């Protein structure tokens, strides 16, 4: 049995469920998904400030996941908050959903487009493209200009805007795949892939499969060098529980 | 049942067996590995000339694999010969072992080293790093200065040189993972990972798991845009069988 | 009167004093320095995990600084933890000491070297070089292989190692300036500049002068676009005080 | 007498004639052009699959050219198929027409535009820009959306589309030169240069002059390092003639 | 008393006054601005030829400034003509206004736009972005298509075009700050910052504050390495006065 | 008859002769070389200050060359001083010797080394590599640590140091070609190419052949866009003769 912890870094339980369902839909027979979210933090993540707070929640959860014996971790927010910090804490692999979706996109297309929520989050995607090495693989970035939680309001408006933006990207960008830029869009990927006739990639499911792959390969986060365990030191105040 | 075709682009059957074994060792329960090599071509691949010839063999095999109904393809030579051409031919995913190993390395370490065979092949690795976006993720490239087939001569000399070079890379490069730069080194990864206490990554097994992952995600090579099927045209002479 | 808040992101009061003194030593006549550190967090910052925790402390302090009416903020840890998040919170300028030192170095030399504490923090410096655009301006990165707090142990050993490393960098790197890679090295810069006969740059003092400069220019953090105020949303648990 | 072999990598004899004529039009008095094409392969090259096949034809011809004592070789397809492999085989210089045109463009303008045939080939041009170092020198890439052989259909439609696209590029791109992205456009360059009042560059003629230049300088392909002769090994099947 | 020499590299005295006024408007209490321009050269700088001539005037003035005991120098033309040459001549800091404005922009926004005069000068800005490391921080470059001296014709037309272009950049570029690309636009920055509600940055004032900052830090141009004093050698003819 | 003006940007007549001889040695039958140097300026060029002065001499000579009806111009100093300014002045091609040598090197090898005179000039070479796009094609830069004029002192010491450095580069750099980084080394290239068994490239001869090539192609400097003629304006003082 492989336990994979899928961490929704925000506190919205509806989104945790969406994400957990997307993860379970692709999990291998021997994989069990534990979908979690922090008990405290931000209800949605739409900027660097939100990300900084969410990163603490991610670390808390990684620590708990280790105690539960999980084999690997997914950070299910498109900004991959706390990714390298979580890797220091973890022995198994830790994969961000932006990272997973971008990697997958480069394996099935020469260039990809990104469709995300608010314009202000585009800079986060740009920085991740640079960090992961994919700046030149990204043909264009788009934002539907609706907040993250619009994806959970039940109206379907945000989903329709995502769809329209994907159609437009297909026509204009000259790219071969589309990366969905929010954990809350996870459930849209299969359908849009079918409708558009091109890969539309959700990072949650991609990250789950990458964690499974790395675990099967016997590859965890390297403990040689700069991702080694955090140096033991007394954490004070609200951070004591991370000791 | 998921059929994955693992293509050794050279004609050395011993290496095809090594590669096939490495692939089967990590294949998921529902995956069957078909390890093949071209009937004609080069016995080993150690430069651009060899790669150009090997690419034809890869295309032949991809075509045959499709006829057999395989779900995805692995190109098991560290130069990833014919990768984009094969993607045009394929509907499922096609993954090169350099590509797979480099991607995997960036998921478990901030920077990686490469250990390969002959110095003259380093330029091929450099070009792939650039194409895949990982130039800045590679801390150093090393060559053991032995030809590819030395890995199959039974003496163990090449294997020992790989080991020594890995140990040295660990000491000097400041990287967190090592990528083995030849399909013929596939069987060394697990043992060296254990001995060195850091991820030593074989691309054959990594590529198999990535193909499995993409297949499970319902993601094949994009047929929208520049990886679309080759435009139908009459191929003449020795290439007619690729029609 | 210009109030500049200098935030030591770790909880070591001795280091806060070192940093505060370095800041005051260069402050203009009309500038008052408020040197602070978080009440809770990590005693030193030597990796991504430490940085994630420290970022929260930085945000707390920025919020307090705004309430006090400060004109700008300095983040006095060489990893610039929480920089973009802090910029969302702030109306005045926010400058990290790595950022300030790197910028200053490119203004007085064509290429610079970095001398920092532990090797594991080099990756943080590398990522900042990439984010700020200075990858090609950095000739070499060095670590003295002592923890941050060794700079506060009174023995002078760490200081001597910094000096030796700077001398070696001068001989070998072909660079024209040296950037000191830790807030705790702030007091060494002037003396080493004199001894080496080349600019040795401390980020704390550099950041103070850059904040002063931006304030005098009437330039604060842009509130148009992706550094706009954080979107108002209920923060829960230990983060409520950041509302 | 300097013999220069101009290789049309596709099997269309009409295009071989176009290319040969363009080469002869600029050849120096002491230069003789041998325009050849493979006896087997693809009638036009419009993707990676076509290129992989064409590369074998290029290698065959380079081998024959060497036997004939030619001083240098031109690969007259805008994707420069088989370039590095051909360099391994050759002692004289080997120049691709994309390479030649891009180099020439950077010598007469700060930035250039590319006008090519099918949109799916743009990715090949992008990869060459990256390989040659000219990504930042290319202001824009355009495709007329007609296949390569439309240039040989006698209607003049493709030629008119090239002209229109060049005029548009002049108005919009902010570039100082235009690179024609297909060997079949070779004859258009002089006229368009005159009509547009800016350099419109054909790679066939540019490559011939570069080979002449390198030959006169006594510079052939380096046999020190990674472009050294292919390592001798038994080639089997359809590739035996390349031994 | 800190003397800062602000060099208008062209010979237009009206522009020297504009620039001097902008410099004095931000100078610290203890700073005295000496605004100068060459006695011979070009009346405005709108290309590489103009810049080459202007660079000599800059060097003359730097030499005079040193004789006057100035603490630092500003090169007040957006192409930063003669910057590295001037640094060889100077012991204090030398800052170009493009450099200063671009640095400042990256400190208050994640990406910036540039608004300059003639389209032909955009290439100069592009090269500076590359040299300073800010290519990826620049979202867009715009030209109002009026010559530099239109800013001094008293009609206000050029100023209005700058304003319109800034408004358009705010709407379209997705950037957080605007850099004004000409010394003659210095007086517009404060007002446009106010009107647009985002930082609009003038390099003259930014450079003055950066020189003040570096002087206060005790940092001058590095004389270790490649910015060392020019090697003494006999200068002949019109250049003798630079000896 | 094709007249090519080869401009030695420094005032050392011995070097002008060396350069002229190197140019004539490769000139085509129909080419006449006019080797010139400025009447006033610097006797050698070893830094940015020297380059700024030399650029004026280059512009003077280009202007004179145009009056003489030359077809193209070579700037025969490895820093390519005044290159873009000269292109504005010229209608024919203008090629710098660093540019020519670097371009040629990338046509015969995958990576090259540079061997130049003083270490302080290395930064100039680095900036040119970046401007021309060849940063990743340069494996290493070396300086013999002797001034330019040591190449003209008749002792042969500098020449021997160049030779030793080339031999060492061949052993250590993993590059396939060597670029000689000074016009005064022009005569060494052929001999060293022979001795080392790898291309050792002189920029003077390479530039002559590239000018010949561009002239034969009917390609001059683009007058569309940013290399258009300098905007006419009154030049004053010592620059009046450039009007």
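Per-chain numbering from 1; labels A, B, C, D, E and F assigned in written order.
Following the convention adopted for this analysis, a residue touches a chain if its C-beta (ideal position, glycine included) is under 8 Å from a C-beta of that chain, and two chains touch if they have at least 3 such contacts.
Keep in mind that this is a model prediction, so the values were computed, not measured.
Asks: Using the touch definition from the top, list the chains contacting both chain D and chain F.
Replies: B, E
Asks: How many steps does it take, at the fewest, to get from chain B to chain C if each step moves to a chain that touches the one before?
Replies: Contact-graph shortest path, chain B to chain C, evaluates to 1.
Asks: Quickly list, by label, the chains bordering both chain B and chain F.
Replies: Both chain B and chain F are touched by C, D, going by the contact rule given at the top.
Asks: Out of B-F, A-B or B-C, find the interface that copies D-F, where copy means more than half of the contact pairs are identical.
Replies: Selected pair, repeating D-F: A-B.
Asks: Measuring centre to centre with CA averages, how many angstrom lie between chain C and chain E?
Replies: For chain C versus chain E, the centre distance works out to 27 Å.
Asks: For chain E, what residues touch not just one other chain but two or more?
Replies: Residues 84, 110, 119, 122-123, 130, 135-136, 174, 225-226 of chain E touch two or more partner chains.
Asks: Would you identify the shape of the chain contact graph, picking one of line, ring, star, complete or other?
Replies: Per interface graph, the chains form some other shape.
Asks: All pairs of touching chains?
Replies: Per the contact definition above, the touching pairs are A-B, A-C, A-D, A-E, B-C, B-D, B-F, C-E, C-F, D-E, D-F, E-F.
Asks: Under the definition above, what is the set of chain E residues touching chain D in their complex?
Replies: Against chain D, chain E makes touches at 119, 122-123, 130, 135.
Asks: Using the touch definition from the top, list the residues of chain A that touch chain B in their complex.
Replies: These residues of chain A touch chain B: 26, 28-29, 84, 87, 93, 95, 99, 103-104, 106-110, 132-137, 170, 174-177, 190, 193, 196-199, 201, 205-206, 209-210, 212-214, 216-227.
Asks: How about chain B: which of its residues touch chain C in the complex?
Replies: Touch residues, chain B against chain C: 110-111, 136, 174.
Asks: Residues of chain E touching chain F in their complex?
Replies: Per the touch definition, chain E meets chain F at residues 11, 39-44, 46-53, 55-56, 59, 82, 84-85, 87-89, 119-123, 127, 130-131, 147, 225-226, 228, 230-231, 233-239, 242.
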